[in-house]
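Think of it as A, B, C and D in the order they're written, each chain with its own count starting at 1.
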Amino acid sequence: MSKLWEKGTARLDALIEGFEIGDDATYDNRLVEPDVLGSLAHAEMLAAIGVLAPEELDQLREGLREILRLHAEGEFAMEPGDEDVHTKVENFLVTRLGDVGKKIHTARSRNDQVLVDLRLYSKRKLLETEVALLECAAALVRFACKHEWAPMPGYTHMQRAMLSSVGTWAGAYAEMLLDDWSLLEAAYELNDWSPLGSAASYGVPLPIDRQLVADRLGFAGVQNNVLYAQNSRGKVEGMIVQALAQVMLSLSKLAQDVMLFTTSEYGFFHVSDTLVTGSSIMPQKKNISMMELVRAKAHIVLGYQQQILGVLAGLPSGYNKDYQETKRPFMDSVDTVLAALAVTELTVGSLEPDEERLLAACTPELYATDRAYELVQQGVPFRDAYRQVGVSLHELPPVDARESLRKRTHQGASGNLGLQAQEEAVTRRLAAARERLDGIEHHWRNLVSGEPQKGMGGNER
Amino acid sequence: MSKLWEKGTARLDALIEGFEIGDDATYDNRLVEPDVLGSLAHAEMLAAIGVLAPEELDQLREGLREILRLHAEGEFAMEPGDEDVHTKVENFLVTRLGDVGKKIHTARSRNDQVLVDLRLYSKRKLLETEVALLECAAALVRFACKHEWAPMPGYTHMQRAMLSSVGTWAGAYAEMLLDDWSLLEAAYELNDWSPLGSAASYGVPLPIDRQLVADRLGFAGVQNNVLYAQNSRGKVEGMIVQALAQVMLSLSKLAQDVMLFTTSEYGFFHVSDTLVTGSSIMPQKKNISMMELVRAKAHIVLGYQQQILGVLAGLPSGYNKDYQETKRPFMDSVDTVLAALAVTELTVGSLEPDEERLLAACTPELYATDRAYELVQQGVPFRDAYRQVGVSLHELPPVDARESLRKRTHQGASGNLGLQAQEEAVTRRLAAARERLDGIEHHWRNLVSGEPQKGMGGNER
Amino acid sequence: MSKLWEKGTARLDALIEGFEIGDDATYDNRLVEPDVLGSLAHAEMLAAIGVLAPEELDQLREGLREILRLHAEGEFAMEPGDEDVHTKVENFLVTRLGDVGKKIHTARSRNDQVLVDLRLYSKRKLLETEVALLECAAALVRFACKHEWAPMPGYTHMQRAMLSSVGTWAGAYAEMLLDDWSLLEAAYELNDWSPLGSAASYGVPLPIDRQLVADRLGFAGVQNNVLYAQNSRGKVEGMIVQALAQVMLSLSKLAQDVMLFTTSEYGFFHVSDTLVTGSSIMPQKKNISMMELVRAKAHIVLGYQQQILGVLAGLPSGYNKDYQETKRPFMDSVDTVLAALAVTELTVGSLEPDEERLLAACTPELYATDRAYELVQQGVPFRDAYRQVGVSLHELPPVDARESLRKRTHQGASGNLGLQAQEEAVTRRLAAARERLDGIEHHWRNLVSGEPQKGMGGNER
Amino acid sequence: MSKLWEKGTARLDALIEGFEIGDDATYDNRLVEPDVLGSLAHAEMLAAIGVLAPEELDQLREGLREILRLHAEGEFAMEPGDEDVHTKVENFLVTRLGDVGKKIHTARSRNDQVLVDLRLYSKRKLLETEVALLECAAALVRFACKHEWAPMPGYTHMQRAMLSSVGTWAGAYAEMLLDDWSLLEAAYELNDWSPLGSAASYGVPLPIDRQLVADRLGFAGVQNNVLYAQNSRGKVEGMIVQALAQVMLSLSKLAQDVMLFTTSEYGFFHVSDTLVTGSSIMPQKKNISMMELVRAKAHIVLGYQQQILGVLAGLPSGYNKDYQETKRPFMDSVDTVLAALAVTELTVGSLEPDEERLLAACTPELYATDRAYELVQQGVPFRDAYRQVGVSLHELPPVDARESLRKRTHQGASGNLGLQAQEEAVTRRLAAARERLDGIEHHWRNLVSGEPQKGMGGNER
């Protein structure tokens, strides 16, 4: 397809052309809607400053809505040879509208278009990820509440250490995910600034209104310095993937625990038969392979994080084509984390503790420290009590596990996990995340329909 | 030295002993003060719940202050064979105070000690990094203001693209650092929760008061679930290093620009002779080697980030010795970024633009887009204007660069960079960061002196 | 599609099913031919030990050839829901041949099938990479020979350092690629062992003939221990990607040089207009963007290397589903390097030095060291000569650059680059790599046609 | 200390000076001996081409031997302010010998000195690593032979899969290490070329004899192109660390297995009490923490690999200061792997299988596939036999595990592991590696003593 920069002179070598595009176009399919939204806001602004006549704006709006309709029907997919989504959109408008189409690119560059497309894509995806993460946390809290008092060995160094509970185990993961949620929030805020108007990296000698564009797109504000806008390409994606990497690490730890606890040797948990896979050679196998994949995918996201940040290191300022290579690891990371959250939520929901085996695993040595503390309470200095118990482990008296769990009453211990507060925190945040996602979708629908509206604003920066 | 867990039975093999400790002890030297602070708060709490008598608390306080004094004089350094800082502190107290020393370890484990030590270390280091970063941003804003109107070619793809200015270039980096600052803030908040009381990972069957400890140490609050406290080892360090990696990427980009712009070929900037190094073989060389090191060190911090996060992936829950391996990459990353910020601030402060060469580099093709916009303003659709200019590049009329800079008046462009607002933002945040650092130091001094005080509190979580 | 391990009981949850397969199936399309080759050799062996009757072997051969035919016509592509290529092949044979099809999986597992498929895939791809790399090296040597005596500044620290030549510059890259070639060779040897017969990881209680299979497939021999065969999954791919990463690093260095040397500021080289791309906003731009992509793709391959090796770290022995995640980074790395080599070869072939600008850049300070050596030859100790020249740089006498190049006569210097020897080395290896690639293709064609033949053997291990 | 490049003009800023040196000097302590060896060979060459008089050579030799003597006594350590080892050595010679000392740097640069130092360091360290690796492999083969027939469950997906044996398990690791050994060998060959004479990257206008230097230092030959010599800085270290990373991955897998198999839940192996560590709070704990560290250190080496290769990506040709940053991750990787090999060898040597628990874990479902094969041998197609067994798992007949192990007679299976061949391979290679290490040490002693000798030669390149 024709390229925006062709001037009727030398043709690009075919090998180079294929190399330049690669599978980037495939990923651009996900940017059709953001590109249209950005174009709508940009066109409104061009009309507001007099570059477009009102009827030209109407034509462009109609053309852009047509693209959304075609896209919804799968009729606007990138094809081999399409250089990028921005070119495809502009070419469509020129073909459909003639000279009016040739005006849409006034005061912008593909450099700031791809920036704004990615920001819009990320706004939605981050909120979807927050929702999926909080749903997973909710499943963990439910599981923790249900089995709050089920005794379970606590491990350190993969060796049995002290008495713990299923509630403690699951509650720990819920709290971990809540910390990950706050990282997603921090990434959301840094993503929430409109880069449009930075053009090729150096602005334009036209009196454009960047605030209007930011408001129409639902951003918290304008990303100020035009060169910084370009220099932040990849950087914002990198921040987001750093947060996603933390989510994957949390899930990979949970996955490893689930794998251990479902072996024949541990036998603490069962997973529903509808979630396991078999072997082509061993008729008896039930493999928890989705958890293996979650474990492995943590490394995939870490590798993508490395790709994005590695590409950025030492790049001179201004747009560099290198940035194109950050798109795939970024989008694949988003997809990976969304899928891993859904699978983990499903897995947690299907876990069934085997209380008998759990209790049987709570062997006497788990209580060695408790015994030492009894001696402490009789006045023996802790280090002496520790040594005394250490050389008489075989004499530890029998203990009632459930009783013992209840005795750990300080904040965050098995007898005082604060699960209700966790549940409330998760529920509150989940409702807020859903509401925010609805709000932004609504804002964008208004932009498409041409409905006048205020900006969504944001925190003062 | 004697180990806390030895019970007079088998001796640890010497090869293994060396392997277990490695250079970890060296890094533990930085945790002496945090370990003492944690011990002071823990002892106060043990006294408050009746495990220690008031005079025992006094003795422990005196012993711990003695350690601080010795440490300040370089007399409390880790030696080969010292297993870790926690052991060294407890052994010192037992030797000095007898049975009272043996009581300090009641209701805690080295696992939660190292956690709290690292959180205290990180609180200070994050604030120091914020101060250094904001000082570097301040140098950039000063440089931008001074040379706001100096014309300079703007590059894309490492090729001359459009007119830009030295003010735009430097202002872009100031804004980038401000975004990095907000990542440091997000990491600070996640670090600001007290893990003490989680013990080996599973709490203790004693009625300890975790909130009191958190308040005395100046944390925003208690990290609730005891197992999550342990599972967050490495995770919080990883979050911090992720933020530090972003800082290094910003600096590496600046470094690459400075290297290019100081070559004979560009010649845009000069760096002070006191900052450059020479060659052992070529008498004429002046190398900007500190910028080369900054460029390289971005990859060092990325590698450390990978080390920390890689270690965490797929680790089962509860303490694992693997965590020890995260200490070095974490602390080295902190040191690296602090040094790189100081060196970059110094370098920026010494930069001298060569206005003559900058102007000479603003060759006519930089104005090709401006010319296209002139045609747009005469009613030619942008894409047609673009093609028209593209085939008549040799006919571009001469342009006054400074005049042209001033014409780019939209937000964030060379004629409207908002440098004063940047300066105010930097100044305000720098003052706040310094005040916060002073506040926490003051809080800790009170803890050492035994002065009663309130907690520092924090945001509701 | 039906799964090999389904036994008519619980159905796999749809979310999990999608997660398990992901885009793995897409990558399995590249394993259709290897899977058929492996199946052909396996079937021959089953016939040789009496598990299959001769006519059953004939039927299976015909069925497998049919798959190859369909695949060549694009009619055997993996479809959504196909679990993997092994399942698809077996299902096809069962549908087509009935009970005979059900026998093909005797004494093997999908675990050893995917192993052997990847080894066969890698054999071909490594040889193709060697050919592409040597062609690129050949282009560099030709370029070096053509411009052997063109003076050029030599840089250190990105600053002009000493006199060098275009021949030195290009010859350096040719030699670097020859070192990379030897890494590819080392990887080839480690890949060249047949894992078939290791089954699920633990062999089978049947008297299979693993040597026969290895010979028929053209491997150097059998990978002995069955568990090691499985434990080497990902490891061999990792070794290959480590070698590929080195190739990409070489190309990224060359790319960076080409980008610098084609800026307006350096202006040393021109690249053909058919290889450059334009800007959508700046009519004058000619971007060497394929070199930017090569620079960026080095980080992509480093990230893939990290993904593969990260997945392996700490995995317990025996097959783990995690291995599936190594397939994509592996195959994408292979594709990336093959494309980058072709693009680089094309770019090098199109480079035109601008001798005038090169000569103009050979400014007097490049000869400072030469001047010091003149003093050395007059008896001044080097360090004194160095200091003497260092303080009188403005007095350096004019020098004839070409003359000076010829005076550097020691091995590997500009006057004695040994380009002819390099050319011979490249030519010899290129011929050998092509011959080897032809040989293995011929061997496989014989396997498909059922032609009896000897094994290809290999070096004694 | 005085810098080689100071000319009595501007002094380097103290902050920059500290930043430039960092902890690089610490690592330079390991290069004192290599630097002296390189200087001896260089001085011999300078004498051979007439730059040094015979008596000057004698003086330099004496001075350099003095450095070795001081270094052996710990009296030649790098001190704060020493720029690097090369400067320290030259300064020592100048102070001791006056003008003769000032001549040693003729025709070389610190750039090629550090290159040759690292190659010499690597020659020795690679051979030491080969010896340590082969000793570890030997321990594994001994363990495998001793417990060849001990039954053990074989796992896939961390679930019990099929019958295996302790011999199979340990033998798999021995073979894996042998593959790693061949990677070390490949790295050794690429390291074995002398870069001396490349000087600052562009050779020298003096008739130096690079072959003589290579011979005296025991290299296989000369690294030809002077610019490639410099461009290979970091690349060779990267190749070595890539091989070391593979070793660590092997050890991390073994470590994870040992950790699993020594839990209470598995209980397959015991580790000697002299190798385990305790807990400061739980008196009963016996932690296999050295294996946890090995597992974690795999990620450390992967991160170092990333650091080295990341620094190289996109660096322009010629020396860049960035290379300095590769020294630490390189040397630390070498140390890490040497220590991990020694610890693993010790651990393997102390492992005691618990045959009773191993046998008890060989539960009937392990034989499901065997049963399917029995049906196959009765003529049932495998896929039918598989399904038949799959739905009647509870009816599997009892099996004699040892008997069954012996029945797996094909190459590489439990009944035919080829352990004797492995043992011979390990022994042969170990002897060869030790001999090679002795040979190179002997060669270097002769260089120090001034003994005339031939080069060690190498394979034709």
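Keep this in mind: contacts are C-beta pairs under 8 Å (C-beta built on N, C-alpha and C of every residue); 3 or more make two chains touch, one makes a residue touch a chain.
Given the structure is predicted, the values throughout are model-derived calculations rather than measurements.
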{"item": "Copies chain D and chain A - interface residue numbers shared by over half, same or different", "value": "same"}
{"item": "Furthest chain, CA centroid comparison against chain B", "value": "C"}
{"item": "Contact-richer chain pair [B-D vs A-B]", "value": "A-B"}
{"item": "Between chain D and chain B, distance of the C-alpha-averaged centres to the nearest whole Å", "value": "33"}
{"item": "Rounded Å distance, chain A centre to chain D centre (Cα mean)", "value": "38"}
{"item": "Centre-of-Cα separation between chain B and chain A, whole angstrom", "value": "24"}
{"item": "Contacts with two or more other chains, residues of chain A listed in rising order", "value": "4-5, 7, 9, 105, 111, 156-158, 161-162, 200, 260, 278-283, 285, 287, 289, 292, 295, 299, 302, 306, 310, 313-314, 320-321, 369, 386-387, 390"}
{"item": "In the complex with chain C, residue positions of chain B that touch it", "value": "156-162, 259-260, 263-266, 278-289, 292, 306, 310, 313-314, 361, 363, 365, 368-369, 372, 386-387, 389-390, 393"}
{"item": "Chain A residues touching chain B - in the complex, by the definition given at the top", "value": "4-5, 7-9, 51, 90, 94, 99-107, 111, 154-158, 161-164, 168-169, 171-176, 179, 182-183, 186, 189-190, 197-198, 200-211, 222-232, 235, 238-239, 242, 245-246, 248-250, 252-253, 255-257, 260, 295, 298-299, 302, 305-306, 309-310, 312-321, 369-370, 373, 376-377, 381-384, 386-387, 390-391, 404, 407-414, 417-418, 422, 461"}
{"item": "Chain C residues within the chain A interface of the complex", "value": "3-7, 9-13, 15-16, 18-20, 22, 86-87, 105, 108-111, 199-200, 272-283, 285, 287, 289-290, 292-293, 295-297, 299-300, 302-304, 306-307, 310-311, 320-325, 329, 339-340, 342-343, 346"}
